[in-house]
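This report concerns only the one structure given below.
Note that the chains take the letters A, B, C, D and E in the order they are written out, and that residue 1 is the start of every chain.
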Amino acid sequence: MVSLRVYILTRVLLTIPMVFILLSLVFFVMRILPGDPVIAIVGMKASPEHIERLRHELGLDKPLWRQYIDYIAMIMRGDLGRSMIWGKRPVSTEIWDRFPATLELTICAFTVSVLIGLVTGVFASTKPGTKADVGLRLFSIVAYSLFIPLLGMLLQFTLGVKLKLLPVAGRKSPLVQIDRITGLYLLDSLLTLNLVGFVDALRYLLLPSITLGVVLSGVYTRLVRSSMLEVLREDFIRALRARGIPEGQILLRHALKNAFIPVLTMMGLQFSLLLAGAILTETTFSWPGMGTFLLERIEYRDYTTVQGTIVFYALLVAMVSLIVDIIYAYIDPRIRY
Amino acid sequence: MRLIDPLARAIRRYWRVKRVDLALTLTGAIIVAWIIAMAALAPVVAPYDPYVSVDDVLLPPSREHLMGTDNLGRDVFSRILYGSRTVMAVVLASTMLSMGVGTLVGLVSGYFGGLVDRVLSLVMDSIYAFPGLILAIAVAAMLGPGVSNTVVSISIVYIPTYFRMIRGQVLSVKSQLYVEAATALGAPHKVIMLKYILPNVIPVLPVVFSMNVADAVLTEAGLSFLGLGVPAPTPDWGFDLRNGQRNLLAGYWWGSTFPGFMIVLLAVGFSLLGEGLNELISPERR
Amino acid sequence: MPPLLDVRGLRVYYMLGDEAVKAVDGVSLKVEKGEVLGLVGESGSGKSTLGLAIVRLVPHPGRILEGSVLFKGRDLLKLPEQELSKVRGGEIGMVFQDPLTSLDPLMRVGEQLVETIMAHSQLTKEEAKEKAVKYLELVGISAERFYDYPHQFSGGMRQRAMIAMAISTSPSLLIADEPTTALDVIVQSQIMELFQSLREKLGLSVILITHDISVAMEVADKIAVMYAGHLVECAPSETLYDSPLHPYTQGLLKAVPNIELKDMKLVYIPGTPPDLANPPPGCRFHPRCPRAMDVCRREEPPEVEVGETTVKCHLYR
Amino acid sequence: YQARKAPAEKEVIVIGTTDRVTDLDPASAYDFFTWEVLSNIAEGFFKYEPMTLELKPALAESYEVQEGGKVWVLKLRKGLKFRDGTELTAEVVKWSIERVARIEGDPAWFVLDFVDKVEVVDKYTVKIVLQQPVAFFKAVLAVPTYFPISPKSYPADEISPDNTAGGIGPYYIERFVRDVELVLKANPNYYGEKPRTKTIIIKFYKDATALRLALEGGEIDVAWRTLNPSDIKDLAKNPDFTVVEGQGAYIRYIVLNGNIEPFNNKLVRQALAAALDRKKITEGVFLGTVSPLYSLVPAGMWSHIDAFKEKYGEGPNYELAKKLLAQAGYSETNKLKVELWYTPAHYGTTEADVAAAIKESWEKTGMIEVEIKSAEWSTYLELTRKKGLPITLYGWYPDYIDPDNFLYPFLHTDSNRWLGKPYSDPEMDKLLEEAQVAPDKATRTRLYEQVQRKLAEDAPIIPFLQGKLYVVCKKNVKGIVIDPYMLLRYWLIYKE
Amino acid sequence: MELLRVENLVKYFPLEKSFLERLLTRSRRYVRAVDGVSFSIERGEVFTLAGETGCGKTTTGRLILRLIDPTSGRIVFDGEDITDLRGEELRRIRRKMQPVFQDPYASLNPRMKVGEAVKHPLEIHGIAYGSEAKQIAMEFLEKVGLTPAEKFYSLYPRDLSGGQRQRVAIARAIVTKPMFIVADEAVSMIDVSLKASILELLMQLKREMGLTYLFITHELAVAKYISTRIAVMYLGKIVELGPAHRVFESPLHPYTKALMAAVPVPNPRRRKEKVKLKGEVPTAPVDIPPGCRFHPRCPYATEECRREEPQLAEAEPEHLVACHKAMEL
């Protein structure tokens, strides 16, 4: 029986190969296939000598294995390098600029989806086979299949353009100022006691997070429902009933907690779904986050930035699954690592 | 008769116990079948050539153009019909590819175990944990647009799904007594894999497959929507949605709404099928 | 004095669409105060269903179609849910077969015990905890294991904990469904001893459900034998052992291996138990019965009293 | 809690765009929008008078051209100060120009290709010595790359991408959040005419749809580049908005790679030029928000002639195309098979439709079969450059406003490597070189007309459209000026 | 004549899960499932291994069948050391020894027809193919009482009852005419009323085909009916071994005594005095107590038992026991 600390350490170490694998994949695929950041940025008018010089500066004239080793060495030092285009800004700065937007969006969407999922899932599981249950099952299937851009467009069109209820694009209105502390506008405006900013940021957040949240909620509805049903069929629930424990207590204190374990596991995996969905949401809502950024940089073959972003994504996913596992280990006493 | 009879019996049994699931499955199957028929019959049914302009641009739906015309004067209805071919071709090809590779590798990896299995699992888990669409975007952008490239990028995303599923199943089947019995009989590895493990693993595939196809439909649409999928002017729902979206706010809703609706419909069809099958296949509780 | 528990004509079916699994089909049964009733029968004969039906806990497709369950004079089948849940766990305790899956894996054993006690009394948390520790010690678990999780207990300890929970509310009847089937023989005998001592200390009535007639013979005062949803014979243990009346009981006793006997001959009952969705007409045992008559194929046998024995067989009409 | 007071409505104008700021550094910026921002927060020695293409003095009070155009002497205005308090002197100018050369950013060629050295004559006089006389150097000097900046605020040999210091201009940057917003405030120390609006906020959007929604949602006052054609048409009908239209100097063209079969055959190139249906693109894809173009030199630029129209008619001239194809040996049964490449994102989402329209118009001859292919921008460029793609679609924004910039980079043997060297002709080279140094405009006009006629004859490049620029703004927004300079002048905009 | 001999058989299962965990934790720990077991089986006998859950009975069986590799020790079968056989040679041996498992639901491939399941071994070993194999398979189906064989041949396992499935498993085991059968809890999951019929079938086949059985069970009452010799295991070791009637009549080891005494008897008048044992067998034998591994539960344990591990030794002819105090009790 290994202690929790050792387990966490193991998990942290395990993320290394994962990041490494993805990084290598992206590194080689990107370089083997045509497309060159130097040409992409100066392409139209520069002379071949100029291009060669730039390639040299960026180290792109070295043999591939050399570039790879250099890059890995750099990553090991915790440095993501600098962008290869435009301002050659440090990749970490670029990410730091955009990530809070994505984080804010994903957190809100996540909250929306989990709330919808829990409520509908628990409701459906207490009434299996009824019309309401079938309806919610249908909802979960349709919700997940709603193509994010389509749903986004419909919401923009109805709530934004026709009814003028909510703003449709961007993170805040131009005239409102929010001082950056964390880059999460909601949090920052609260920290600076800026109520106007908070309300404004919230209004801008609503449509994108509802779009993303609703689409992902289908997964949770289904999952919560099925794992609740699973748990409700278990012997210990019957045993609790046989002991005369009130039904509400059984449902909330025992069944939900047990059903939450598979849901939790799923949340870790779902996080990557959330990130993927965020790309489409960001594109639809002009959200200045990581997704739109990555798309832009892929087009320009900004090797370091794309690699850095992928590494960052991988670390993020790994970290979230680590957190999930730790919570998991806390909730479930059977996990003794 | 030999086939129909058990089928009818199965349906009757399910009708008794799992009415809802059966209804879901059938609805899904009908939607999917309908779109497949659309794809198959597109050349016969489509009133116009989907590639060329046949009328004025941006005409609203009318008797001549059931779903109006797009910004190049092409018939949207015809493009929807032909678009189903693109989606079906790309999505089925890529999921089949993932299924083939994932199943094979998962089977071998899970059966033999050892270092290769560890490494493969690590690689597959890494890909699996990574956001699928982002991976597809990265690969598709690097490979460049094109049908086969799209197929490859989508399939890479889903190989781990099959790998993990199959490997997990193989591990559980491998520990079953009947596999041990087969080993004790002296059956060679190949025979054990093909006669004892594979047949017991395969039943999960249809469920995973249709769930996965539903997902792939959305991924394909996402890629096309971002301009990384099948290149124009091939009719493609995701692309047409994007294309039509440009004119949506000007009131030309038909150019994007129809393709968008079709994407959702197809994804729903496959999800219903998958969800229903999943419930039908899962053993009845006693 | 009326019996503590009086089950009359109970019928419980599992509804699978338009098919019904007739798991308990017209069973009547009495349990006196302080008595241990052994309910035996082979797998699938409807023992658990009967046990659950007494407290109206038959799982989903199952339905109690008719009959009554008179407990201390009240019909449990007609009690409103609220009051019933006072009876469950309060006046009737239950212990199930698989002690691991019968405990909430995410909650400390002690807390589960406290929860049970608090659900049936006005005690504060502290008082409940004190009482919980007392009961844990009563079943032979030391107080320091109070904060352990179920998975940290061995099989026998889990079963002891389940028993502690069942008796912590001072019930007058305990229904134990295969409490030792998942356990080794040595542990089984320890648990059985625990039952015996508790019964002496607390004056409990017990319904012991088991597929192993040997276990029932060791502890029960009275034994009821079920076959395919019917209660075929019910008699005091010794009477049943000495002169089983129903052909099934007779066959069963001969088929049970006995470590004490020198005579090395086992006899088995030919055929297999029927499918309860389509049970044979008449007596459900007739296809396997060596003494089957014509009437057995046609008519369901009545319950006949022969001395202390109640038997459901045409032979004794 | 404290509510942050927003500036009064009237003093603020919010402009939305789908463009992005790359590097806020003259030594590195080389794109439309960053140049626009730079032109509003900094100035060069000359600047274009609105609505004319006249260059009038800005930071330079006056100038003198010596040694037959080889030496330029600039006299600076006195007493101008940067935001950080540094005074604008000859030293600063020299430092700024040399910094561009030293950093060798993308636009460094504006300096490196022309300038030999920069000398300080006195505190307010700078001498720029060219490698050789250049007829259009004044236009070059007007580009943002030459904008003086303060040595105190910019690192000497490093690009400073997020630098908000700027130069001396009507506005300064108050706040810049990349990809989100850029807030400009009127520069109180500006020497020239005061800006009409105190605060300009630029909001960045990801796509045209979002931009339009933001306009309609009232979040922005002005929607600038680039709305969808259909939205422009649609918004024009809306009484709440004004659509300002202006001729742009932005052009699009088809490159036929003469190194590749069958495009080494002039007849084939001519046939493709003849069969092109420009209307299909301008009216069909762009709904009339662009105009057809018949020369590489855009209409409105001096020396422009409709060379392709003269030669092939307005088009599509299928009769002529068929004839030419028949001469080249093709027929209905032996079709000309060509591969047409486009890049899906770089030129906007309409690009696929452009390709589709071209394909359709060529295939109407019945003798051509077009296969459409596409590649991501950087791949596209690299393939064009290295492999030489058969037919590609490109677009061009001028670097400086002179016909040379629309002809030399495409047609001169030494400078069209980036297009995969599709064309090389000694006679053409000679004409272009002559025109570059010819001192007077009349001679240059004559030479450029010759070049354009030859271009139409040889048809290595087929221009097909010229962009128009549209600004859609709220009814009460006035002062929007769009001219061939194209960059929006924020200081002229105001709200009624 | 001896058919099988195992010498000092040991099987440890490593406890760690992942290789990283192995890197991180210093001591490697093992489940000592089988910890030095020796015995031999004569031709034609029914040798029973008994003991509580987790004592290593199944593992011993699997080791003998060479389904897993022993950590150490030797297995001699039919005069041949089969401990290290691989590939073809191992397959040759497999023809001669076959298992019958506990769970008739799990030991048959659900996607293989009954007939095929029985026919398949013939094809694997190249004994017969096609219709000839089918003929033989039918013959064996009849032999195990599945008549009419025609009908059963094309059924799937799910269409059969538990007893019938176990018959199929037995048919599959004997179709290659082996000489040795390892029956691991072969009747534990069969209904009481049918148990005897399967036992009878096994005995009948033994007579007809001259089989030798290793019979693994935790049900002592069942063991008593068929065994010629019996070995009782505790935490991976044999604690007592001898002729069945001797062990049942006068067990020597305290554990065996407790085990025998705990077996319930279907006689309400025979409520026996039981030997009281503390605790249970640990579910996973990892931390095995020093000295006699039974001493923490033994009512008679002394200082010696805590220190020194007793060896299996002959207490009376043919009857071996591993207890320091076997003689005194």
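Just so it is clear, a contact is a pair of C-beta atoms (placed from the backbone, for glycine too) under 8 Å apart; a residue touches a chain by one contact, two chains touch by 3 or more.
Source: prediction; values computed, not measured.
Any chain bridging chain B and chain D, meaning touching each of them, is among A; the list is complete. Seen from the Cα centre of chain E, the chain whose own Cα centre is farthest off is D. Of the two chain pairs examined here, B-E and C-E, the one linked by more C-beta pairs in contact is C-E.
Mean C-alpha positions place chain D and chain E at a centre distance of 87 Å. Each chain gets a centre from the mean of its Cα atoms; for chain B and chain C, those two points are 51 Å apart. Each of the following residues of chain B touches two or more other chains: 141-142, 144, 242, 245, 248-249. The set of chain C residues touching two or more other chains is empty. For chain E, the set of residues touching two or more other chains is empty.
Chain B makes touch with chain D in their complex at residues 51-53, 57-58, 71-73, 141-142, 144-146, 227-228, 231-233, 239, 242-243, 245-252.
Contact residues of chain A toward chain C in the complex are 128, 233-236, 238-247, 249, 254, 257-258, 261, 331-334. Across the complex, chain A meets chain B through its residues 17-19, 21-22, 26, 29-30, 33, 35, 129, 134, 137, 141-142, 144-150, 153, 157, 161, 222, 233, 269, 272-273, 275-277, 279-280, 283, 291, 294-295, 298-299, 306, 310, 313-314, 317-318, 321. Contact residues on chain A toward chain D in their complex (touch as defined above): 33-37, 39-48, 50, 53, 86-89, 97-98, 153, 156, 160-161, 164, 167-171, 173-177, 180, 193-197, 282-283, 285-288, 292-293, 298-301. Contact residues of chain D toward chain A in the complex are 1-4, 6-7, 12, 14, 22-23, 25, 28, 104, 106, 109, 159-162, 175, 177-181, 201, 203-207, 209-211, 213-214, 216-220, 345-346, 375-379, 381-383, 385-386, 399, 409, 417-418.
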